[in-house]
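There are two complexes below, and they share chain A, which is joined by chain B in the first and by chain C in the second.
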Partner chain A sequence: MSEVDIEWPWQYSFPPFFTLQPHPETRSKQVTAWKSLILTYCQKTKTYVIDVREASQFPVFNNAAINRKLEHSVIVSILCELQKHGNAAPLDKAKNRWEIYWHTLEEWASMVYEFVSNRGMQNTVVTLYELAHGEDTREEEFHGIQQEVFVKALRVLERERKCEVIMDDDMQGVKFF
Partner chain B sequence: MNRVKYTNPILLDGESTVIVENNVRLYDGDQKTSFEGGELIITTHRILWGRPGAIARGQTCLALNFDLIVFVEEEPASTFSFSRSRKVILHLAECQDQSDGPQYNSYYNFIKLSFRDGYTNNVIGVLNDLLQKKTWEPLSPETPEAPEVKSQLPTIKLRTGIVGIERSLQEKQKATDESISVAFQDLSKLMAMAKDMVRLSGTISTKIKEKQGDITEDETVRFKSYLMSLGIDDPVTRDSYKSDNQYYKSLAKQISEFLVSHVEEMGGMMALTDVFCRVNRARSLELLSPEDILNACRVMESLDLPLKLFQFNSGVMVLQLRTLDDESIAEATAILVDDRNSLSAEELSQQLGISLTLAKERLLTTEKYGKCCRDDSIEGLRFYPNLFLTKEE
Partner chain C sequence: MRRRAGLGAIQKQKLEQEKYKDKGNEIQENQFEQMTKQLEVFKINLEEFATKHKNEIRKNPEFRKQFQEMCASIGVDPLSSGKGFWSVLGIGDFYYELAVQIVEVCLATNYKNGGLIGLDELRTRLIKARGQSKQHQEISKDDLIRAAQKLKIFGSGFNVVPMGKGKYMVQSVPGELSMDHSAILQQAEKNQAFVSVSYLRRELSWEMERSQKALEHMVNQGLAWVDLQNPQEKLYYFPSLFTACVNASS
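For the complex of A and B:
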C-alpha cells in the first residue's frame, strides 16, 4: 500500500485504540471511532476490498509509529459491526475478504439514479464503463467505482424497477426507467 | 527330644546364668526319659540340664538353645495329682542338625520339664522374658557348638577392666534400645485404638445431634462429659462454632488494631498474604493458620472495625480501610494515570509501594469504572486515561 495522505484522528496515535476495551461504554466509543476511521480511510484510498489476512499491510490497521496493530479478530468484529449498517459485506464464509461500502449500496444507487434522471437518460442503454469511467461522470462521487460494487448498487435499483442490468459477455450495460 | 544336644557346660560369650532349679526330669513329648533328678540351669541363651553336680564339675550336659523354643506354657496339674510336681511344656521348632543329641528322632514337637519339687523361681515368666529379649541372637547358630576349644578363653565373661565396663555399657544401651522400641510398639497400638475411639465419639456426637429433641438435657450433658473424658473436646459443631466465632472476633480486633496503621501507610489496602506474614511475624511464636486469619478477617466487617475484607473479581483478597471503596480507589488511580500519561501495574506498584497484584487490581477497578483504558501489546499491559470517554470529538 502506498503512503496515503490522510488526516488521522487522534485515536490513531493513542495506543489503547488498538486493544479492544473491556469496559462496555469505552468499547462502544472505540468501535464507533474505528468504524468511521475505516470508512474514511477506504474512501480516501478508494479501497473497495479488504483482506483481513493482509490487514497489517493497510496502514489503518498498523500504526508503525507507535508499533501497534489491530488484531484480526478485532478487525473482523468491527467489520461485522459495519455490516449491520450496510457499510461492509463479507465475500467468503470465513469472513476473510470484505467489501467496504463507505457509501451504502442504497446510497450509491440513489446517487447514480439522481445523476441519470438529472441528465434525462431514462429509457436509454448505457454501458457500465461509460457510467463509471466516462467523461460525463468525472465530477460525480461514483466516478471510478469498482465494477462489482457498481453492479451490486445497480441491482438495488433493479429491485426497485428503476433499471435493468444487461450482462453480456462482451458488454455490460444498464437501461434506466 | 532330638533338639537337645550334648555340650560342655561352659558359658558362652555374653551368656550368664539366670536361675537354677533342682530335681528336674525331662520328658520327650509325653514320654518319660531317663534324664531325671537333674539340675536345670536357665541361662540367657539356653537351657542346660545335667546330673546333679555335673555342671559344676564341667562335665558334659544336655543343652537346648533358645532359638529352638517357640512357645512356653505350664501344663495344668492333673486333678488327682497331690504332689508339688509342676510341668512346663516347651514347644520347639524344627531342627536340621540332629547330631550330638541323646536321641536321633522324635515323634514329638515338644519336650516337658518336670519340676518334681515345684520351682523356686517363676520359670515360665523368666523363660518368656528371656525369649522376648533374644539376647542370644547376635550369636550365629553354629557358635554354641563349634568354637568349643577355640573360644574356651574368650567365652569366659570379662567383668573387669575397661573392656568389661564398655561391654556392660553396651549391654545396657542395647536393653534401653529394645525397651524403647517395645514402648513405641505399644504406642502405635494405642494410636490405632485412638482412631476407633475418635470414630466412636463421632458417631455418638452425631447421635446426640440427631436426637436433640428426644433425649433430655441431663443425658446430653452426661454424654458430653463422657466424650470429654475420652479427650475429645466438645465435638458438637454448632456449639463449637459459637466459641470459634468468639475467638475469631477477638482475633479480628487484634489484627485490625495492629495492622490499621500499616494499611494506611500502604495506601489503604493490604493483600491477605501480606497480612498473614505481618501478623505472624508480630506474634512470632503463637502462629496463626491462614484459615484462622481468613475467618477473622471475614468477621471484621460485622464488628465495625476500621479494616474490612475485600475480594476482587479475580479472587484476590485484601484487607482495606473501611473508608476506602471502589469508586474512591478508581478516582485516585485515575488521577495517577492522568499524571503519568500511562501506567503499567509495575509502575503503579513502585509508585505506591504496594504489591504487584494489588496494583493490577487497582488499575482493573479503575478500568471497570471507565476511568482508564487498556493497551495490551507485546510490551505488556498498560493503562491510559480514558480519552475515548473524556475527549470531545
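For the complex of A and C:
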C-alpha cells in the first residue's frame, strides 16, 4: 500500500463509516461523504481506474490504522451513485473495473476546448500526446490526463461538432473547429 | 314582657355595618395605593439598576448569570418579556439572538452529527460564526443553556440533554431522549464515542434487551452509527462525541 498525501476527512477515522448504515438518513449522509471522498482521493492520486476486486489495495477503501475496510458490494453501490452524475462509469458488465471522473467528461471536454480556443488552435491537427503531456499544457488541469478518459472527453466535443478525433495506428490526434 | 326589636334598632345596626364597610374599603384602598407606590419604586429601581449595569449585563457572562438568578428569585423572567421596561435592557434580544444562532449551528452541523451536539462544540462554532464584531461579548455555556431552553417552546424539536458533571448536549431533532439514552451518551463520552451491549452490561449492569432497545432507538434517530467490523460484537458510535468529527472544520 502506497503512502498517500491526502487530507482525510474525519469520517475516514470513524470506524462505522466503513459499514453501510441501516438508517436511511444516516446512510444517505454516509454515501454523500463517500462519493466526495472517492473523487477527492482519485483526483489527488491521479487514479483513473479502480478495480473493485483489488479495492483493498487502495488506502481510501482500507484504513489499516483502524482496521476497517469498505465491502466490495458497498463500493459498487457507491460507484453506481457516482455514475448517476457522470462521475464514474463501469468498464465491464460485471462492474468490476470502473473509470472515475472527478471532472465529468463534459467538464474535461470544455476545459480542453477552452484551452484550444484561447490558443487559436482551431483547424490544426494536434496529437493527443502533445495536448495531454506537452510543455504547453503543463499548467492546465487536464495535463497528464489518461488517454482513455481523454479520448472519451474528446468524443463529447466530437458529438458537438467541435472537433474530430483521428485514431490511426501511427498517429492519434485531434483537429478542433 | 320582652320588648320587641324596634325599627330604630335595625336601622342603627345597618348604619354601623355600612360604616364598617366604608372603613374597610378605605383601608383596602390605602393598602393598594401603598403597594402601587412600592411597586413603582421597585420598578424604577430595577430599571435604574438595569440601565446602569446594562453594559455589564451584556458583556459579562458571570454578571448576567447572577442577574438572571436574581430575577428568577423574585419571579421575573426577563427573557419572556420583549416589551415594557425590560426592553430597555435588550437582554431578551440578547438571548433571542443567541437562540437563533444556536439553531443555525445545529442545522449546519446536522449532516454530520444527526442533530446532537456537545455544548462545547456548539459554543466554539457559535462564537466563530458571530465573528469579530461581537468579540467583546463573551458567551458562556450558561447563556447557551438558557437560550437553548427557550427553544423548547417550539415543541420537542429542541432539547438540552444533561450529561452529568456539568456537561450538556443540545438535541435539535424531534424525538424524546429518555434517561437511558442520556446514560448511553454519558458512557460513550468517556469511551471514545462508542458503546456496545456488553459494555453497557459491564458499566451499567443493563440487560441485553434494555441496551439493544435503547441503542436501536438512537440508530433510528440518526444519532448513532453502527460498526459491524469489530470482531467481537456490534459497536454503536456517536459522531457528536467523536473527537475528529467535533473538531472537523466543515
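Everything that follows uses one rule, which is that the second predicted complex is superposed on the first by the 176 of 177 C-alpha atoms of A that agree within 3 Å, B and C clash if a C-alpha of one lies under 4 Å from a C-alpha of the other, contacts with A are read in each partner's own complex, and residues count from 1 in each chain.
Please note the rule applied: a contact is a pair of C-beta atoms (placed from the backbone, for glycine too) under 8 Å apart; a residue touches a chain by one contact, two chains touch by 3 or more.
Computed from a prediction, not measured in an experiment: that's the story for all the values here.
Visitor: Mind checking the superposed model to see whether chain B and chain C fit together on chain A or clash?
Guide: Once chain A is superposed (C-alpha atoms), there is a clash between chain B and chain C.
Visitor: Have a look at where A:N67 lands relative to chain B and chain C in the superposition and call it first, second, both or neither.
Guide: Both chain B and chain C are touched by A:N67.
Visitor: Scan A:P22 for contacts with chain B and chain C and give back first, second, both or neither.
Guide: After superposition on chain A, A:P22 lies in contact with both partners, chain B and chain C.
Visitor: Once chain A of both complexes is superposed, is A:Q147 in touch with chain B (first), chain C (second), both, or neither?
Guide: In the superposition, A:Q147 contacts neither chain B nor chain C.
Visitor: Quick check on the superposed pair: does A:S13 touch chain B, chain C, both, or neither? Answer first, second, both or neither.
Guide: In the superposed model, A:S13 contacts chain C only, not chain B.
Visitor: Just chain B (first), just chain C (second), both, or neither: which does A:Q122 touch?
Guide: neither
Visitor: Name the stretch of chain C, from among 112-120, 130-138, 148-156 or 166-174, that runs into chain B once the two structures are superposed.
Guide: The one stretch of chain C in steric conflict with chain B is 112-120.
Visitor: Do any residues of chain A touch both chain B and chain C, and if so, which are they?
Guide: The answer is residues 10-11, 14-16, 18-19, 21-23, 25-26, 29-30, 67-68 of chain A.
Visitor: List the residues on chain B that touch chain A in their complex, please.
Guide: 342, 367-368, 370, 373-377, 382, 384, 386-389, 391
Visitor: Applying the document's contact rule, which stretches of chain C touch chain A when the two form their complex?
Guide: On the chain C side, the touching residues are 111-112, 114, 194, 219-220, 222, 225-230, 235, 237, 239, 242, 244-245, 247-248, 250.
Visitor: What residues of chain A sit close enough to touch chain B in their complex?
Guide: Listed in rising order, the residues of chain A that touch chain B are 10-11, 14-16, 18-19, 21-23, 25-26, 29-30, 33, 67-68.
Visitor: Help me check something: in the complex, which residues belonging to chain A touch chain C?
Guide: Result: residues 9-11, 13-19, 21-23, 25-26, 29-30, 67-69 of chain A touch chain C.
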